[in-house]
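Shared between the two complexes below is chain A, which has chain B as its partner in the first and chain C in the second.
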Partner chain A sequence: MIKYILKRLANYVVMLFVAVSMTYFLASAFMNPRSNYMSRHPAPPEASINRSLDNANINDQTPVILRYLRWLKGVVTKWDWGLAPDQSPVGSAVATRISASVQLVTIGTILSIVIGVAIGVYTAIRQYKWQDRTLNAIATFFLVVPTAVLGLFVVFGAIWLNNATGTRLFYVTGLHSYGGSNPWGYVVDFLQHIILPTIVLTIPGVVGYHLTQRTYLLDTMNADYVRTARAKGLTLNQAIRKHALRTSLIPTCVNVAFSIAGVFTGAVITETVFAINGLGRYFVTTINNNDINGAVCIAAFGGACTLGGALLADIASAWLDPRIRLG
Partner chain B sequence: MMFRKTGKDSGESSPRFRTIHATDGQSGNPVDRDAADGETVLQVRDLRVNFASEAGTVHAVRGVSFDLRRGQTLGIVGESGSGKSVTSMSIMGLLDSNAHVTGSIRFHGEELLSKTDAEMSRIRGDGIAMVFQDPLSALTPVFSIGEQMKEALVVHNPKMTADEVRRRSIELLALVGIPNAEERLKSYPHEFSGGMRQRVVIAMAIANNPDVIIADEPTTALDVTIQAQVLEVLQKAQEETGAALIFITHDLGVIAGNADDIIVMYAGAPVETAPVDNIFYEPVMPYTMGLLGACPRPDTGREDRLVPIPGSPTNLVDLPAGCPFSPRCPLAVDECRMSEPELEAVPGRPGQRAACHRTEYILDRKLTYRDVFHVGKAVPSILDDVPYDERRTVLDVHDLKKTFPLTGGGFLRRRIGTVHAVDDVSLEVREGETMALVGESGSGKSTTLLEIMDLKQPEGGTVELFGTPVVKGMPRAERRELHGLVQYVFQDPMSSLDPRLPVYDILAEPLKVARLSKEDINDRIGELMRLVELNPDQVDRFPTQFSGGQRQRIAIARALAVNPKLILLDEPVSALDVSIQAGVINLLEDLQNKLGVAYLLVAHNLSVIRHISTHVAVMYLGHIVESGETETVFRHPLHPYTQALLSAVPVPDPKVERSRHRIVLQGDLPSPVEEIPGCPFASRCPLRLTLPEDKRRLCDTVPPKLGHHDGWRQQVACHFVEESAVRYRAGIVQRSPVTARTEE
Partner chain C sequence: MYADMNNDPAVETEDGRLEPKLKRTGRMTLYVRRFMRRPSAVVGLVLLIVLAFFAIFGKYLTHWTYEELDFLSLGTPPDGDHLMGTTSGGSDLYAMVVRGLGRSMSIGILSSLATTVIAALVGTAIAFFEGWFEKVGMWLLDMLLVVPSFLLIAMIVRSASGTAGWLWLTLGLTAFGWIGYARTLRTLTMSLRELDYVRAAKFMGVGSLRIIVRHLIPNLGSVLIINTVLGVVSAISSETSLSFLGLGIKAPDTSLGTLLNEGQSVIVTAPWVIIFPSLVLIALTFSMQLIGDGLRDAIDPYSKSAGKAE
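Here is the complex of A and B:
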């Protein structure tokens, strides 16, 4: 098992290296940081532009292979991911945004999984009963509502509540605004900020897990081995809980593990609505600003998350399903 | 140590084969035996089950009544859709919630139908237990055998300690013949073979000493030698618990030896119930007779034609007024079409009841199935006058080899082993003859067929069709011509015909490829439909509008369209009901006689093979172990594997079944990945065990070659043909009834 994981990790390092290098060349080919300077009024002198670009190692007049090697050396030896065109270091910018993203998405993801799977199981057992039909209708409704619209509704609702109660129950922008030193006050402040974006992130997540888990469980619920379990003397609910549920959780587990990367970089709309400086918005900004090093750094982080998720998915399914052997 | 002792009992170190006796070999009359038992454990009265469906209400069960006493074995026989499984599921209370059940089911006097799921769950697995059809899917894949056994025990005995549970589990697994029971508790279902899994299911069913065991087609999904093992275990389980057994099956042979009484069901209703001997020897209801006549027997050959029941099974949504069997019954009169007959006692036959208006007529004239159903004469073969040696060879396979690489996971997919699916197989098929490949699953019979079908140069050996060797770089025209001469019929007529093409287009397709003109195609299609005994006016219908048997006829017509000389048939009748199967078998025979076409047929059912084939090749682990004329091989099997295979085939005849001795092969087929230096059968061979050490070594180290042996007409791959023949003749290996009867 350990040997398998180490082997896998070694494989992943190679894959990640190839993928990130490709991204570097692609980004260098398509992005033109020089234009950032050329469009200024008045345009700075050419020599000064070159100096700035050279300093950030993104000068298109330097052969790309040289830039690549220099960049690689920085990453490998000093864990230095380079500079943005405005000379700010990319690494620390990404680090703070990872922290913001983790704060933003962790609660939402956990809630999505727990609530979504629970509703999926609940509705599968009551297939075609009114509970199932009602929850399915609600799920379908939220499935077609775009996140931006949902976000705005939540914001309006929160503002209305704030106005109605006359106190500031919810904050609609940012993650923190508390300046004091009381840790309790910090937590309350954070919760007041996080609750609205969490709602917006959780609802689509719940809908997804609800619908897929319902399908998976319905598939296994009618399996012969559930019938065998009932024939042994388990009631229908016991048989489903014990025999059908575990097998139906295997694909969900794989989904969860693979979704980790998407969760970090995919919350762009929520971040925009609530003015949170997370990774999703940063990714879009780097591309707009011709920030080669920034974009590559995010791609590397996303790749690492995906591969980590894949490994987790493998381990989880091997743990849940004895038919899968690692190694 | 406990497990050593039990391990010994379960055959670990006992001889690898045993001959077993059916339980009531001595007492000829099962009725007497019943009277001795007595206590009624289960009483079913007027059970009716309806399902709501989109097409209308499905009347799945229409009035089933029976009593079950301790120790009694009740067989419920019927074809698909006869309501036999629904009956058993309603006793267990496991029907879907859309089922509407009326009537009464009393277990020890307690009404079961009014119980809730929670109340039923206390009886299920404790008082009434069930064994299901498909052992491969009956166990939860993610729990170990030990956990699943434990669940069966603990759910009814919550006070049992972990140690007691463990001891009882080991005891039960040893009882059903699982070697190394203690270690196997930790194994998962996928680490067991199908037969072993069915043993586990049986062990779970008898865990709490139930009063009633319901076995729903428990051996249908298993190979014939494994079937023999499981039947033995089931019987042992019944003896051990003293339970009543309800044995549900479509195969008359399987229950002939075990059952005391039989209920024959048709269209949801019992049409005849009687002690087993009456059903088999003196059936009254024409459907029962038809079922017996349609059932191919392993002890009657090609010359005895089967009796197909005309028509197809009744639709359970719109039942006809009157007797549901009347549309198919040759004896039906107006009365039969007006009112449905009640199940009434047959005069002069204690215990026998039949639902038929014509009972008296049948009894008066002592009619048998031969009188009731029209037994057609076989068409004389156009090749009858041609001596065998002068017939053209259509297929000549020499030393065919096919291997599959076994690759590891991971990025590089390294090769970690080789599966020898087909190893040195040689066959010769001449025009107008039927060569059958027979063997258990994993024997390589289907792979052999597929290799020939491919029309590509094989991996090893040669394939010659009509004298033309199939080689790489064969001209396209030549290959196309061969394709026209070789055609195929597959197992499942549901999936082998395109559901979106009308029958006309299905039949026209091969003709268009052969570039026939439109008029010729029209004429040919009419001709083909008549040839397979279908109405030519129905060519504009879609395959789904035909029944299974009719669809297989369409598949045969499609194969015949281009006048092939060889048809490859892959299990052509195994997906069909018995009454339909007989018609298709007869049709295949007639077509061969009329057209002189040769068949290469793959089947696992030995009875079907005896009826349909002229030559047979028995395969084991990719090798042919014995081949020759079907009659010769069935009468004088020489290879120990053939002998075991034939002795395991159930015969639809209670007297034969009760007195027979089966060679029960121990163990399962070895894994095909294993490198076997000697004879592939050595690990399970009963003959090898009787040989002295030095001769055994020969079996273990030198693979025997298929060849002729002095004084025998068939070819055998065995080092000790003489010893095997002597043992067989001397009856050390009990002769199977299959061969004994035909020698008379």
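Here is the complex of A and C:
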């Protein structure tokens, strides 16, 4: 088992290295930090532009391969991810935003898995009954509503509710605004902030897990070994719980593991709508500021999340699936 | 609805030899009939046709154009002159929605088609050549999936602006959209490559490209058609997300996502700026989803959503 995991890990590290290097070259080719200075009035002298670009190692007059090697050396030897065009270090900017993203994404992910898988199992057992049809229709609807639209309508509803009740039930921006020292006040304040973005993150997640879990469970429910279990005298519920459910959870587990990175990109929209200063919003800033190092750093973080998820998926399916035997 | 799937007249007539009185039904007729039998699919199709007409001919219903600003009515609610009101900048929202719908539709359809073509060629080729080619190919595909594609698309599209911006966006969505799909197609091809006539063709010396195009891809036809339609939904979602963040389509051009972005800041004072584009967008993605589900039932013989014969 350990050997298997180490082998996968080594492969993933190489993959991450190649992917991040590719992103660096793409970013260098398509982003032009020099244009930040061109729009200024009065335009700064050429030499001073070059000096600040050189200092951040993003000068387009230096060959890209040289910049890449310098950047790589900084990352490998000093864990220094470089400077933004305004000379602020990128690494610490990303690090401070990770906590906001984690607060936001964790609750949403857990809720979507629990609710989504529960609904999936519930509807699979009642296939083609009215409960299944109703929930499926609702799911199909939410499946196609883009996150931005969903987010904006949730904001709209919350503001309407705030106005209707006359009190500030929900906050539509940020994650914290409580300044006092009462821990209870802090928790209530946090909940008032987090509930709306969590709804926006949870609904698409629930729909995804619901539809896939339903399909997987329906696939295994008709399998021979479940029929055997029924023939041996187990009730339908027992047979499903003991035999069908476990197998059908394998693909869901893989999805969960991979969703770690997917939720991160999905949160870009949610963070923008609710003005939460997380990684997603920082990413939009780096793109708008032609911040090559910042964008690459976020891509590397996203990639590390994806591969961490893939590794978890490998381990989870090895643990759940009796057919997978590790050397 | 599902119960009468069993005494399906089309299925019976397909077996024309047993009942010589009946005329043989062609495959396309069969698909069309199965598709039309699903009310939701027909609703989706009608909705899409209405939206397409709206996108093409809708601009003749008003004398405003999407680039024109009416400085006498800034942020006015819908009335007789401005059918959907105006934005805070004075643009006629109706004209912008028509234009934006056209943009979002063309981006979605074009990039979905291109994605399917690339994914079909690469996915089948990787499975067909087997051996080290397959190993390296799969490794490369996995590697390309490591960095979230959304980030890469945003990087590329950001530098493009003006009227050609939407082509760049289509290109970006295509360039990073085909990878996961190619992986799925490779898995499906793995069983196809063992088919007798594929092997026979291989041993007779038929060229690889010809085998891929003549034998492998047609076998995936149903999957490809369904996924192209459903791919439009995801392409439109990506497009609106990027434009909403200000990274996709930018002024003077407009798309539904750009309109959502404009409406975000005036959600309380001018809610119509956000409501109309949202409704049109949901109608568009919903219609494509319904059509895709309908096609899946009509074309895919292995589809489980068509109901069970019990």
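One rule holds in what follows: the second predicted complex is superposed on the first by the 326 of 327 C-alpha atoms of A that agree within 3 Å, B and C clash if a C-alpha of one lies under 4 Å from a C-alpha of the other, contacts with A are read in each partner's own complex, and residues count from 1 in each chain.
Here, contacts are C-beta pairs under 8 Å (C-beta built on N, C-alpha and C of every residue); 3 or more make two chains touch, one makes a residue touch a chain.
Computed from a predicted structure; not experimentally measured.
Contact comparison for chain A: of chain B and chain C, C touches the greater number of residues. By the touch criterion defined above, A:L311 lies against neither chain B nor chain C after alignment on the C-alpha atoms of chain A.
In the superposition on chain A, A:A295 makes contact with chain C only, while chain B stays out of contact range. Using the contact criterion defined above for the overlaid structures, shared-chain residue A:L111 touches neither chain B nor chain C, since it reaches no partner.
Look at A:L236: by the touch rule set out above, it reaches chain B but stays clear of chain C.
Within the superposed three-chain model, A:R323 lies in touch with chain B and out of touch with chain C [touch as defined at top]. In the superposition on chain A, A:L72 makes contact with neither chain B nor chain C. By the touch criterion defined above, A:D224 reaches chain B but does not reach chain C.
Looking at the shared chain after the overlay, A:V18 reaches chain C, while chain B stays out of its contact range. For chain C in complex with chain A, the residues that touch the partner chain are 2, 139, 142-148, 150-152, 154-156, 158-159, 233, 236-237, 240-241, 244-247, 257, 260, 263-264, 267-268, 271, 274, 278, 281-282, 285-286, 288-290, 293, 304, 307. Chain A contributes residues 15-16, 18-20, 22-23, 26-27, 30-32, 128, 140-141, 143-149, 152-153, 155-156, 159, 215, 218-219, 261-262, 264-265, 268-269, 272-273, 283-284, 287-288, 295, 298-300, 302-303, 306-307 to its touches with chain C in the complex.
Taken in their complex, chain B has these residues touching chain A: 92, 94, 117-118, 121-126, 129-130, 132, 134, 137-144, 151-152, 155-156, 188, 190, 201, 204-205, 207, 411. Taken together, the chain A residues at the contact with chain B in this complex read 11, 223-236, 238, 242-243, 246-247, 320-323.
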